[in-house]
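Across the two complexes that follow, subunit A remains constant while its partner is subunit B and subsequently subunit C.
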Partner chain A sequence: MKVRVLFFASVADAAGTRSLDAELGNRATVADLRRKLEKDRPRLAGRLGKCAAAVNTVVVSPARALADGDEVAFLPPVSGGAE
Partner chain B sequence: MMGFTEDQIHRYARHLVLREIGGVGQRKLLDARVLIVGAGGLGCPAALYLAAAGAGRISIADHDAVAVENLQRQILYGSADVGRPKAETAAAALRRNNPDVIVEPLAVRVTAAGARALVKGRSLVVEGTDDPETKFAVNDACVAEGVPFVIGGVVRWSGQLMAVLPGKTACYRCVFENPPVTPAETCEAAGVLGPAAGAVGTLMAVEACKILLGKGEPLAGRMRVIDFLAGTSRDIAWKRRPGCPACGAAK
Partner chain C sequence: MTKVGPGRISLESAVRRVGDNGSGGIAVFLGVVRDNDRGRRVSAIEYHAYPEMARAVLDRIEKDLRKRFPLGGVVLEHRTGRLKIGEASVIVAVSAPHRAEAFEACREGIERIKAELPVWKKEFGPGGVLWKEEQDLRRAKRRTVGASR
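Let's turn to the complex of A and B:
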């Protein structure tokens, strides 16, 4: 199956892109996708685990099974403001 | 008219004619007790707009002093303020804008230990620090005390904000379970566009007004994520997470 992946804020910079398409085996989960992305793009290593993952704009747990055509967004906590 | 002074009727004239505010709403704003955590890039514009709007009692908490690097985005301060305490300096700027508002500077760092006492009894809290621990401390304290809050962040050209209505909508810990082990990216290291901070802080003030007024659809149960460079924004919905250590047990 194929899913659309969106990156936000610092993970978009680490990924070098704001979006990409990923091929996954059937029954793949959000955690599987995370592992694949971190393997394919070493600069993402260790980053996606800190992100909230949203499937089709709803935040989900890493164990969530994906379906063909899903859109998966990785959103890091952004602080900033005062210092 | 609803016990407003002559000055108030003129000062808040553009609110008084708004159907969603009027005299009843302006009275709600004037009666509000707001805590602003962090007088930085987000807290400055949020505090200034809330003071100008007549949010009647504003406490503003920041333990830091103004640094010259802050001036690019922390618009309550000028060059002459470098080295001065932020909370005091911000409070003076808010009083200058609107003497109608009672402003209390708090020169404290908000931690898990002290947060609950600080948020207790507030109508609303605005969280705009760059400190993940403070963000989670404010979340947990507001959820425990049932105080609605608006939380935001900005770095580089990206911003995010959301409101939390405790017991009704997902809290910050429903999405981000814990403060990151390694520090989140800071503005100091990564940079930030000044007006991007201004835009997010201002949106936080808009959400604060909606919640205080009880009008419109608050940005709760969803986080708005803005990419100012791409010119796009997106809402990501959050459901309350069963077993959330902060709000899972909230009644």
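Let's turn to the complex of A and C:
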């Protein structure tokens, strides 16, 4: 199956792109996708783990199974915080 | 009423849009770009959003606020793109029958936007260009290292 992957902010800089298509085996999860991306793009290593993941704009857990055509976004911590 | 995009935020327009004959008070929070961040000089900030998700998050915050408070009008907007010092990046405006609900709903609205909205800041200054979340991660690391000593 194929999923659309979106990167933002410092993670997009590290990935060298804001989006890409990833080919995955059936029943792959968000965690599987993360491992594959970190292997393919070493500059992402250690960064995706600090991101929340959203599938089709809804935040999900790493165990979430993916489906063909899903849009998976890796979201760095948002800037708001305690200010 | 929610919006995420490059359009300028208008205080006057927001106040007009939340106006409601049954409401006796309007509370507004306007977030503006300041010229410093924890000791660093800042000359401009670029806001990058995941627009589709940001719109969905703002709509959910409006829905939740309306459930919790007897609101007349609600305006939640976040601007994207490069902003100068003093320009408004975010506005929360609500109208309610009385001031207590108006203040409380406004406060809750901005706190949730700060915590949940997928929008990231790139800060420009004499020291260079930095993504805000990277500075925060570095600071957190320093704190952790300091604490383990």
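Throughout what follows, the second predicted complex is superposed on the first by the 77 of 83 C-alpha atoms of A that agree within 3 Å, B and C clash if a C-alpha of one lies under 4 Å from a C-alpha of the other, contacts with A are read in each partner's own complex, and residues count from 1 in each chain.
Here is the rule we go by: a residue touches a chain if its C-beta (ideal position, glycine included) is under 8 Å from a C-beta of that chain, and two chains touch if they have at least 3 such contacts.
The structure presented is a predicted model; accordingly, all values stated were derived computationally and were not measured.
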Exercise for review: Once the structures are superposed on A, label A:9 by its partner contacts, choosing first (subunit B), second (subunit C), both or neither.
Suggested key: both
Review point. Which partner does A:40 contact after superposing on A: first (subunit B), second (subunit C), both, neither?
Key: neither
Review point. In this superposed model, does subunit C or subunit B come into contact with more residues of subunit A?
Key: B
**Study point:** Set intersection of subunit A contacts, subunit C complex versus subunit B complex
**Key:** 8-10, 13, 50, 54, 57, 73, 75-81, 83
Point to revise | Parts of subunit A lying in touch with subunit C, wherever the complex brings them together | key: 6, 8-10, 13, 50, 54, 57, 73, 75-81, 83
Practice item. Could you please specify the touching residues of subunit B with respect to subunit A in the complex? Key: 38-43, 62, 64, 70, 74, 86, 128-132, 135, 152-156, 158-160, 170, 174-176, 180, 184-188, 190, 192, 197, 201, 223, 225, 227, 230, 234-239
Review point. Any idea which subunit A residues touch subunit B in the complex?
Key: 8-10, 12-13, 18, 50, 52, 54, 57-59, 73, 75-83
Revision key, fill the gap. Residue set of subunit C touching subunit A in the complex reads 48, 50, 52-53, 56, 113-122, 131-134, 136-137
